[in-house]
Amino acid sequence: MNATGSSARTAAGQTSVRVQTADFDAGREIAALRAANPAIGAVASFIGVCRDLNDGAAVEEMVLEHYPGMTEKSLARIAAEARERWDLIDILIIHRVGRILPTEQIVLVVVTSAHRGESFAACEYLMDYLKTRAPFWKKEHTPDGSRWVDARASDDAAADRWK
Amino acid sequence: MNATGSSARTAAGQTSVRVQTADFDAGREIAALRAANPAIGAVASFIGVCRDLNDGAAVEEMVLEHYPGMTEKSLARIAAEARERWDLIDILIIHRVGRILPTEQIVLVVVTSAHRGESFAACEYLMDYLKTRAPFWKKEHTPDGSRWVDARASDDAAADRWK
Amino acid sequence: MLNVLYFARLKDALGRDAEQIDLPHDVRDVSSLMAWLRLRGDAWERELQPGRAVRAAVNQDMADPDTPVRDGDEVAFFPPVTGG
Amino acid sequence: MLNVLYFARLKDALGRDAEQIDLPHDVRDVSSLMAWLRLRGDAWERELQPGRAVRAAVNQDMADPDTPVRDGDEVAFFPPVTGG
């Protein structure tokens, strides 16, 4: 498993950021966070999945490139910003890189807190950041050849909500 | 396992509502939804957990009462309303009733869609409804005796956002 | 005949979870049914007084004070919900 | 010396993922570095022209056209990100 990342325990919980080629077990990750802390009342999570169709083209596989170093740094910083905005317990971000097939998982974000509003808001905030500011790029392979995926205007609009 | 509920397959996916005394495996439920449909690009989920402290009192156990019949009916209706508001694939709601211990799971909501905005919004919408309109009541047992949990004003405010 | 159900704090305070009531002559809606039940005094008067946090459902749909109540209906009284 | 990195579409179009450049005399910020690289012509002129969807980072922080570039910096060019 080729993984880089960071992990920092705070008084309230833990921030973990992992960039890896291997798939992940979302259920096991969520269960591990819950088991560690009886103060957790809310667990919001999001899984991004590789679809078999994107903009009408059949996707055979996808390759995710990233900027080693900057990726981990930018994710650790946005996690710290989320902790300043909301009262959170844990933040877990796992983002895969390399070759990914349709129906495989790409990204997992899990946020735990005492009450649900905080974990929902922070989970969506982190996903909006991942889509617009974190240095990942998707290349899709289709029957017509390979193409770099264009950024979506709707993703920029989603990220702008938090300004 | 004492479970009641409903399940309806639509062209786009499936709505499942389950009210049960047994615990659930969130990871397995999420994986089963994902495996069924390669059009899924986004999976938003929420787990509500029984905390060991509520309003400063140590919680030894909780008993969840509900209104059989009305519960399932109201959850099926709110799921249908969510489908009218957003372009969704699957909706899964599992709510436990009966005796629940601290750190045990109470509720699971999973929403799948092609893009993330829809699944996030619908998942939070369903949770706000569950907190304010679905007929469930919590009784906590603490060292000082048992007490029915009071409704939170913040939950009503959260639900009012959708009006 | 009405099928009347009580849940949670109301069930404990009123000492029952269900009863059947012959529809009283002057009961037409949720608020007049509550007024009729309050005439029983004691816990009934205390728990169902206006201003208490009591919710009602008629035939398993959330109801208002002026939601009609008719012979054969299922009417439920309960505190504000606390699930999820 | 600058350590310059290229990612994704830019890496493919420019035919390299990294290079070291002696800091040119007239390069002070991201936009003047891009102008200097465009002087190479062909793909460089096309991919780095103003108006193309190119982003830059200096020392692994997102940068603007007027973010300073100094000797020893790591500067990266890439298209808008598409992760998550």
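Order of writing sets the chain letters: A, B, C and D. Residues in each chain are counted from 1.
Here, a residue touches a chain if its C-beta (ideal position, glycine included) is under 8 Å from a C-beta of that chain, and two chains touch if they have at least 3 such contacts.
Fair warning: this is a prediction, and the values are worked out from it, not measured in the lab.
Touching chain A and chain D at once is no chain at all.
Among the remaining chains, the Cα-based centre furthest from that of chain B is the centre of D.
Mean C-alpha positions place chain C and chain D at a centre distance of 71 Å.
Centroid to centroid, with C-alpha atoms defining each point, chain A and chain C lie 48 Å apart.
Note on chain placement: the centre of chain B and the centre of chain C lie 26 Å apart, centres being C-alpha means. Centre-to-centre, using mean CA coordinates, chain A is 23 Å away from chain B.
Touching of two or more other chains is recorded for residues 84 of chain D.
Counting partner chains per residue, chain B shows two or more touched chains at residues 48, 116, 127, 131. Taken pair by pair, the chains that touch are A-B, A-D, B-C. Across the complex, chain B is touched by residues 25-28, 30-31, 34-35, 38-53, 102-103, 105, 114-117, 119-120, 123-124, 127, 131, 154, 158 of chain A. For chain D in complex with chain A, the touching residues are 5, 7-9, 12, 53, 57, 60-62, 76, 78-84. Interface of chain A with chain D (complex): residues 48, 64-67, 69-70, 73-74, 95, 106-107, 127, 130-139, 148-152, 155.
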